[in-house]
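We just call them A, B, C, D and E in the order they show up, numbering each chain from 1.
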Amino acid sequence: MTMETTPKQSWWNRIAHPGQFVTWTRPLLWPLTVLTALLFLAGLYFAFFNSPEDYQMGDTVRIMYVHVPNAWLSQFVYGVMTVSALGTLVWRHPMADVSMKAAAPLGAMFTALALFTGALWGRPTWGTFWEWDGRMTSTLVLLFIYLGIIVLWRAFDDQLRAARVIAVFTLVGAINIPIIKFSVDWWSTLHQPASVFRADGPRMPGSILTPLFVMFFAFTFLFLVLHLKAMHTEVKRRRVMTLQRKAAQGVGA
Amino acid sequence: MTPRQVFPPLTVRTDGLVCGRGGMALTQELTVSVTSGQCLLLRGPNGSGKTTLLLTLAGVIAPLAGSFALEGADREERWLHYCGHRNAIKPRLSVIENLDFWRAVNGGTGEPTAAALAEVGLAALGSLDAGYLSAGQTRRLALARLLVSYRPLWLLDEPTAALDVEGHELVTRLIDRHLDMGGAAIAATHDPITLPDPGRMETLVLGARA
Amino acid sequence: MTPRQVFPPLTVRTDGLVCGRGGMALTQELTVSVTSGQCLLLRGPNGSGKTTLLLTLAGVIAPLAGSFALEGADREERWLHYCGHRNAIKPRLSVIENLDFWRAVNGGTGEPTAAALAEVGLAALGSLDAGYLSAGQTRRLALARLLVSYRPLWLLDEPTAALDVEGHELVTRLIDRHLDMGGAAIAATHDPITLPDPGRMETLVLGARA
Amino acid sequence: MTAFRAMLVRELRLALRGGGDMLTLVLFFVIVGAIVPFAVGPDRELLARIAPGMVWIAAFLAMLLGLDRLFRPDHEDGSLILLRQADLSLSAVVAAKLIVHWAVSALPLIVASPFLAMLLAMDLDTFWRTLVSLALGTPALAAFGAVGAAVTVSIRRGGLIAPILIAPLSIPVLIFGTGSITASQSSAALLFLAALSLMAVALAPFAAALAISSGED
Amino acid sequence: MTAFRAMLVRELRLALRGGGDMLTLVLFFVIVGAIVPFAVGPDRELLARIAPGMVWIAAFLAMLLGLDRLFRPDHEDGSLILLRQADLSLSAVVAAKLIVHWAVSALPLIVASPFLAMLLAMDLDTFWRTLVSLALGTPALAAFGAVGAAVTVSIRRGGLIAPILIAPLSIPVLIFGTGSITASQSSAALLFLAALSLMAVALAPFAAALAISSGED
């Protein structure tokens, strides 16, 4: 990763240099962490003490405050990856591939959480952990795509080279995800599963919406913090690797 | 039989080009230029970065720093032949089929297939499965690829590898003719190539093995 | 450091050996014998059957006529090293892992891995993925295989291919030492190999290309 | 002989002279069909019900078999580097490979499908619909396969990764493929299928070419 | 380090490095399993019925996918010639390759089978039977595959022979495999599977070694 760092650039070019990126963004890390913590405190308070039980689901409705934000993030993160992929391919921005790589495991995690909480939720409401309901299914497929990308990252031994290739695949995936969602919905309406709780069925009173939104921001900020942290570690990892290589060859000289 | 000066005058110029593998520099900053009718010999111990440099010029590996450019050739048409360690010869295709394919794909601006085969001394084996060829014969077939379509710049990676004495002369003859036609060549080699006119040759020695 | 005369005296004797490919004879009837401390150089143009002959002696290709035998070595233990055009080096295994594997599989009677690597000049690259090695470095690694387990007879197919000048000397040195130890070698080569004591070398020129 | 045709001919020759790949495909395809009855038991109308799905799964899995041979050999013997220098654009190269890949891996399946239909006790009408849906859908499968193969070609052992990448992308094909056979609004499904194939085949060459050229040697 | 262990370690490293690692392998099966409902529809008890067949087909596919990489790389880079000169007997070499091939293409399936069971709505009993039948049957598949692969590399045009060789041998394994899960007298089927695997694994190394060493380079 080499770029001619001409002095006095725009912020864009400044963060283009990995080292500078780290120094510039590290100050952001702590405030963001604190903010996230606060949001979670507020959200959890609302969720547990300040929102009514659901008339038919009882307390299990509270799972929703975790489930929905995760479900949303599972798609949001892929959006982040798509933008990063564009950044890698079009603008060849050096930090773009770092961000792309850092986002993948997070996306997988949030998607898995959405599935998990959903499954937990499904047990009391549907009497089964897994139902081939459209939205759940497309989330599952999304998880597979995330895992595929992670596997891809692990498989390349030259990360710089990997970035552009994986960017291509990420974009292909981005084009396909809507198609997949659509097809899966078509499919699940084709053979309607027995008794699916239509998630958006009961209209939600404000008392449910407020905590939902707070949690929603809490999780989004959580992602931002983790993403930033992961990018920093990735930059460090690459530095170490090049140093090791240099050392390995230095011996021979 | 080959027309003289078929290529427009051209110059390959690198400035501050640093190539390397896996993010590590192998060469120091190279600022060289090769013009029509010149052949640059890359010498240097094993692992000194000859192949890497050639691949960089071929656009396969991104340079670590600096840049290179070809002046005088028009952008749109492909302007180089790369002949690497691996011969890109397909078993299960006959010798002629192999060559015909590359001739068609690279734009058959050069000699006809049969002539090229005769030139490299494979005339008799045209219909043999290329997988049966001996090491040197395979190399000769790879060289024939340079003849069936004219490109101004040749990047040769150890062109004489596995070739017999007569084959060494063949390579010198081919390069010489290519230079006559106004082409340029960059050849990485261990055993010395000497053109009839030494003035046409320059030698670039790459650093000792890192 | 290497013991002198570790091998029992032995002789490779062929009588009326005709080898060829696809049912076609490539060589005339060969009746040669190579004994301990001798090196037979196979010369000849591309496609003249050097590799074929070596593969025949290695028992990979059945001779068209005649026979060959190794006298003096006991039947049960493997008695030859073959080092062919292809290097049998695995990417995704580090240099050391590659060599260690062959050492274990061929019975590690020879030098320890590290020593062999240092010998061929790859000491610094031991932990590198072998797929990253340059052509010459790969060749050197293939040669190191001959050192990690002693076998009386070496069949070398263009051992100096892709090697730099210093590498040529390396090959001569290795062969010479092998002969010192009472081994025998048959080497097909295009660029001349000259041992310090020319009396140890014989040359067999195979027929012109069919 | 134009460059593109030369590319086609070469790929075709290599594929046909290579030997068993096509045979393996067809046999695998048929074997899948042969196994299912043992799994679900002799219940004919149940068989007939799952038959379309089985055909499509078999087709999908069979198409995975040939993938590793799409770019890897050219990558390993250095041809890919040279093809990047060719007058023919890399995407055209991929297109040619795509066409041939479809011809040697999907066509045989379509030819073999009567056996499958027999084994799975399809009625004639279903069978015809199956043929049509296969013909319309397999190009998309091939295209996604090509992308997956291109992305993994510079990995030294891409073997199993490609299928993992391809499978999620192929799900719509499977859904609409089976849907176009069984579902009530099958014509709509057929349309989707055709559209999907068109889009995939149109985009795949460029995506694959980009992946190949950015994964350096 | 004994020669045989060295061989095992080498094969394992080659298999697991560069994209072949366990996550990939397991993921592969999970995804193949997850594909099925999209084709046949999410009907739970229907899924449950075809699950055994699907699992076995996935196993078969994985075996086939890995086969090409069993001997060909060693054949093409010249390792096979050298292995013929090794102190280790060629049949031992094949045995090592066979073991590793099974380990990387059958074991992951067994690891992944709980997920498959969930996705395909198997009940616990069926699940256990599936595990047992897989553990007993897959060695046979691997062994037959190895012989076929050996023939492919050693004989020119061997590509045609291999599938014809593998298919008929594998079909009984698949049939009894699925049978042992669904059928009433499953114990008999299991016995047969075990016997088949034993025989195949015992004979395959020698057959394959013979094929390789008799095949000219």
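Simple rule for what comes next: a residue touches a chain if its C-beta (ideal position, glycine included) is under 8 Å from a C-beta of that chain, and two chains touch if they have at least 3 such contacts.
Just so it is clear, the structure is predicted and the values come from calculations on it, not from any experiment.
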Residue-number overlap at the chain D/chain E interface, same or different (half cut): same
Which of A-E and B-D has more C-beta contact pairs: B-D
Remotest chain, chain D as reference, centres from CA atoms: C
Maximum centroid distance from chain B, chain identifier (CA atoms): A
Chain A and chain E, separation of their C-alpha mean positions in angstrom: 36
Mean-CA-position distance for chain E and chain D (Å): 23
Centre-to-centre distance between chain D and chain C (centres being mean Cα positions), rounded to whole Å: 46
Chain D, residues touching no fewer than two other chains: 18, 152, 155-158, 161, 164, 167-168, 171, 175, 216
Shared-contact residues (touching 2 or more other chains) in chain B: 22, 85, 209
Residues of chain A touching at least two other chains: 141, 144, 147-148, 151, 155, 157, 184, 187, 190, 249, 252-253
Touching residues on chain B, where the partner in the complex is chain D: 55, 58-62, 77-78, 80-82, 84-90, 92-93, 97, 100-102, 104-107, 145
Footprint of chain B on chain C - complex, ascending: 21-22, 44-47, 51, 85, 121, 125, 132-137, 139-140, 158, 161-167, 190-191, 209-210
Touch list for chain B against partner chain A, complex: 22-24, 64-65, 208-210
Complex interface listing, chain E residues touching chain A: 18-19, 21, 23-24, 27, 31, 34, 37-38, 41-43, 118-119
Sites on chain E touched by chain C in the complex: 1-3, 5-7, 9-10, 13-14, 17-18, 74, 76-79, 81-88, 216-217
